[in-house]
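Next up: some structures, all given as structure tokens.
Okay, so chain A shows up in both of these, paired with chain B first and chain C after.
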Partner chain A sequence: MIRLRIEGVTRVLRRLRDRARRFFERRGSLRARKAGLRVAFFAPALLLLVLFVGYPVLATIGVSFFDANGHFVGFANYGNVLGSPDTINLNGFPKPPPYGTLINNAIWIAIHLPLSVFLGMWLALVLQEVRGAVWVKTAIFIGMVTPLVIGGIMMLYVFDGAVGIVPRFFDSIGIHALGNGWLQRPTTLLFGLIFGSVWLWTGFSLIVYSAGLTTIPKEYWEAAKIDGASTLRTFTHVTFPLLKPMTIVVVTMSILWELKIFDLVFGATSPNGGVGGAADVLAMQMYREAFVQFDSGAAAAIATFLSLLTLVATLFTIRYMVKR
Partner chain B sequence: MADTGSSEGASGRSTEEYRPPSGRWKLLIAIVAVLVVTNFVTGLTAYYLAQSPAATVPLCAGGGGVRSSAAPSTSNGPSSVAAAGASPPVFTFHFEPPYHTTQATITVSPWAGAEFEGFRPVLENFTAKTGIPVTYENLRQEQLTQILPAQFASGQTPGDVIFMVSSFIKANPQHIIKETSNISDSAFIPGSLDPVKVGSDVYGGVYTGKVKPGFWYRKSFFNAHNLTVPTTYADFKALLVTISKIKGIRTPIVSGDSVGWPLSDIVEHFIATYGGASMHRALTNGTKHWTDPDVRAIFTDRLVPLLAGGCFSEPLEWNTVALTNWWHGLHALYFMGSWITGLVDNTTDLGVFSLPPPTGTSTGIVFAGDYFFIPKYTTHLTEAQQLFGYLASKDGQTIQVEQGGHIATALGVPLSDYPAVDRGVAQLMNGVQILSDLDDTIGGQFQTNFWSQLQLLWVSPGQLDAVLASIQSKMPAS
Partner chain C sequence: MIRPRLRRVAIHLFAWGLAVGWLFPFVGLTMAAFRPFPEIVGGWWNFDPFTPSFTKFVAAFNAISFGFRNSLLIAVPATIIPMSVATLAGYGFARFSFPIRDYVFLTVVLLMTIPQQMVAIPIFRIMVGLKLEDTLLSLVILHSAWGLPWIVLFMRNFFSALPKEVEEAARVDGASDLKVFFKIVLPMALPALGAVAVLQFMWVWNDFFFSLLLCPATPSCMPATVALYHTIGKFEFDPGLLAAGSILVMLVPVSLYVLLQKFYIRGMIGWTVKG
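Right after this comes the complex of A and B.
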């Protein structure tokens, strides 16, 4: 039944293509006809991109130059956002949190990125050619398919002072300072969420690296072994370099994820980023400006700033891919 | 030859039967190593970042409360709709009248579960009286906050009568039907309509409300341990010390939490009692600052010593962990609004007392009305106006208060219609001034920041000055 339907759709598409071709063949030179045909096929996708990506992006940038009352304010929203202690709050550092949303995003990248990338890579290597590894990989990947807001709610219980497994573990081994609710304390809140999110995200790097490892010919490892290379040397000189494309993808995607992080923090804390705003992030700040303060200008400024940050990370990947 | 052949055969067989080593032990060791290493790294990082415990002698020594940092120096030196909290997912309910004469009216409110069961008879009665079918939709305040601006901007509305915090109604009169000619102050508890007025125009109605009367306790627990309701602040502190010494008690008071609003209710009660109704109103209006010495004194003299002394638990999910722990005797007191009567098994065992007021202060009690409005984009204006009038009327509210957990704002609802426990709550309102919920009235970023800063104060009372400064920094410019 499904096959019949697919064939039907294919037939209709073919017929459309032939009609378009005949239409253009009746008019102009071959080159013009080809160009026209390209435009005809490209136009629908372009139209959708312009409507649903281009216009919203430009509109957001435009809105960021207006205040909540619709008055043009130039770059004032950007100045206010970047100068706000909600964004960067390092006065009197070293000091307890909050440090501000931008700093929190940076901390998130600094801890979460290496942990999730290398943990995923290491697990992929360890689980290579191990019988039953697929079950372990599936179990780890469950974190990846769990909605992050659910992950956030799970964090509430994992780090709860009374029933949470993490505080109970530390209490039982005598580290009583960590035996309290982690999400109730500004000093542990952000780190609890970051470590929790490592579990949620490691599945991604594990799967990408596992797929990457299957593309490396076994002869390379065998040759290295015959040449007497140690396991570490084989890894640093053979495996890791050959996994570079995967590493680029995993690192880029992880940075994008870490910059845009919202639902996990929202589910685990409050609209203000938890205790004293200690886990506040840029996307939460944008949400508050838009839906709590109803200041679309400030929200658009944060959105644009966030997009610029993600753009830098994305350019890195695009440049690498273009070079290849 | 035979040997060779046999050897080749064996070799061939062994090649066919060859399986890579299972590596099961390697796998197990790897998993254990991952767990140990990640937990170790996590622990070490967090350990060095964790704050040192308090150096002060805890007031409630028997308890295992917060006590995470020392209290600051004393002053001798220099709801709400949010109360609905975590409710189940969106659901709808349709009330069919015996006959169809008009189109359905949609009411949107944050009540679900037991709270909705108390609201259902009101809507059913309305439908029976008017023949107007009502479709009920449950949307939480957080959801409405996101949905309403977008829908209003495009001339749409998710409902014809919508329950929402007063700060939203006040901030969006351009999208709301003016009700000045349909509703009168004189029919309600004085001041009830103030939060939905813009100038002299009224943009919403007030339904029943909830009182945040004070500390709830189980009478059976108090009787079993010969405890009595305090009449002075010294009595109150002595009560906490006594409770903390009872076997099985974790902390005398359990702190409910969700996004922070239960803590704000406690703080408002301390302010309305020891700063008086006037201070509460001044803070709401922005004519007084949170950093003023007399405001700070409420914290340093009353609340912070209790927090630093371990009398309060750390904030726990209000309607699951906190409620259960309190009901099962792990804590003796629970500060919560009057809706708690709808959440416990046995309301006859419930008792409540307000903080003992100092002599000579005109104290107040926070009354959080449930406000509603009709958006301009309704397609059933006539029916919506009828429902609006019914919800604001004595008739509609009488049915609601009979279900328990609600206090009427419409005048004329007889005390005899209240369940016994609510009658007690209503009586606590005698002789005190009625105050609007402070953070609901101010709204905006003040509210969310207020909540998160109080969460911080609860675990780090030593950061009082930073907390007060942060709260003040988010006060809207008046």
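Right after this comes the complex of A and C.
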């Protein structure tokens, strides 16, 4: 068995040697030299990518099929992860949190995606008529350049019961239920972080939509106006369809943001996902399994599952991102 | 005549008010850093009493100054290396064709979308195997590789939009691929490279997960974000010190953005929107 394998390897090596020899004999020809030179354009990038991104990705997929002791277990890790109450915890719904990481990521998408997309689009439209709009955009965009872990740390201040502007505001208008620290209670924790993330991320959709609007000729809106179209009809029949390419990009990027969210939650809570794990997300669960529980199989399964979700989200956009 | 005017004023008041309101959390953080904590209990907008001081900033800087040094030592090479390497590849993908080029390119682009967690375990093992755990070099290598996909895509899109005629004329005159690239293409690409440099530097500076993975607790390699979390955030909770430290760490990317806004926005748009 082993001899067979070695013979196979030597055969491959011999074939490679012959091919290399032929290549060098041809070296004189201009075409071959040119091809060799062109390889130099790709080689460094592909080498780095294969070694430190491509191989680790495949290795993670591999690890996800083994248990912590190195025994092959097939899809058991995936079954365990998806069956665990850490991931999906909806028994007896409606009930108070925690709902589990996968559900939390889904809630994150359900709230964060429409809010940030439409807020950004609406602001981009409004700001078209505003002098000094650059400054408004700059102010809103600062959240995008802030380290996300510091964005999380800032949540500690914004939602603090004693000093935070959000609880103080609700307290002063008489809604005392929201007048305490948001991050200390499971029911408000997740929503506080989601709204905080909207605050940080809206700058992205605003900037993309603003850039998109500058490429669209004003005549479209003038024509709609002359035809007597209402504001709503103008939006649904003119503005929204014209902005479709931007919407596709913004929606995809937002879903990726919501699926991958880690730093923000980590900075605002503990590595456990906050009180009772109410704000736990898939990326945090993966980190804990790998570097706190040392269950690399489960961690790799979560990572692979999360990557699959991001790939599905991207497949629809890829053709818009690659210029023909 | 009056009503459109009123509308204009209302929209302007709304927009500018929104911009100010959007900055409130930053103002609150600044207040927490500048003033003694008991003073801001009940809200930083109460200015009686008001006793600002820089002491928290000095203390925070002394606590995490090593993090700034490490962040620079990581972010500068982790910007230059992927930029050079990916620009070559991006040009290659835009101009040279080989049999499986489009599949290779698609794979590279797909690698851009996966979460950092997807490489965490093997990267950790590789770095331990190379005896590089808890070193600056491990983070430089990882960030360089991780930044490649988006820079390759960005530069390929940029080069595809450049007219081919100049390069072809030079080739007819007998210039080699390398000569064409360095003498003709690269000078035209400088603005795009500026955008790449700003974005990549900022992403490396802002990174948290990879730094936590490869250098969770060693002062000699810990970048500023982890240093902030580890030295100020974790043990004793001093809200003033944490706020001051946070402001210092975010000051670098935020001032870069304010100064180089054009590059930044161009990078962001070019990277996401075709056009």
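Definition applied: the second predicted complex is superposed on the first by the 268 of 324 C-alpha atoms of A that agree within 3 Å, B and C clash if a C-alpha of one lies under 4 Å from a C-alpha of the other, contacts with A are read in each partner's own complex, and residues count from 1 in each chain.
We adopt the following convention: a residue touches a chain if its C-beta (ideal position, glycine included) is under 8 Å from a C-beta of that chain, and two chains touch if they have at least 3 such contacts.
None of these values were measured; they are calculated from a predicted model.
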| item | value |
| --- | --- |
| Per-residue contact with chain A, leading partner among chain C and chain B | C |
| Touched partner set for A:V292, first chain B, second chain C, both or neither | first |
| First (chain B), second (chain C), both or neither touched by A:L119 | first |
| Which of chain B and chain C A:I103 touches, first, second, both or neither | neither |
| Which superposed partner A:F191 touches (first chain B, second chain C, both, neither) | first |
| Touching partner for A:F204 - first (chain B), second (chain C), both, neither | second |
| Contacts of A:I142 with chain B and chain C, given as first, second, both or neither | second |
| First, second, both or neither for A:V265, with chain B first and chain C second | neither |
| First, second, both or neither for A:L243, with chain B first and chain C second | neither |
| First, second, both or neither for A:V130, with chain B first and chain C second | both |
| Common interface positions of chain A, toward chain B and toward chain C | 123, 126-127, 129-133, 136, 156, 162-163, 291 |
| In the complex, chain A residues that touch chain C | 34, 37-38, 40-42, 44-46, 48-49, 51-57, 59-60, 63, 123, 126-127, 129-133, 135-136, 138-143, 145-150, 153-154, 156-158, 162-165, 168, 199, 204, 207-208, 211-212, 215, 245-246, 249, 253, 256, 259-260, 262-263, 266-267, 283, 286-287, 290-291, 296, 299-300, 302-304, 306-307, 310-311, 313-314, 318, 320-324 |
| Residue numbers on chain C that touch chain A, as the complex places them | 8, 11-12, 14-16, 18-20, 22-26, 28-29, 32, 37, 40-44, 82, 85-86, 88-89, 91-93, 96, 98, 104-111, 113-123, 125-126, 141-142, 144-146, 148-149, 152-153, 156-157, 160-161, 176-178, 181, 202, 205-209, 212-213, 225, 228-229, 233, 239, 242-243, 246, 249-250, 253-254, 256-258, 261, 264-265, 268-269, 272-275 |
| Of all residues in chain B, those that touch chain A in their complex | 19-20, 22-24, 26-27, 30-31, 34, 38-39, 41-43, 45-47, 49-51, 53, 68, 142, 145-146, 149, 171, 258-260, 314-317, 321, 325, 444-445, 447-449, 451-453, 455-456, 458-460, 463, 467, 470 |
| Residue ranges of chain A in contact with chain B within the complex | 96, 111, 115, 119, 122-123, 126-127, 129-133, 136, 156, 160-163, 166, 169-170, 175, 177-178, 180-182, 184-188, 191-192, 195, 198, 269-278, 288, 291-294 |
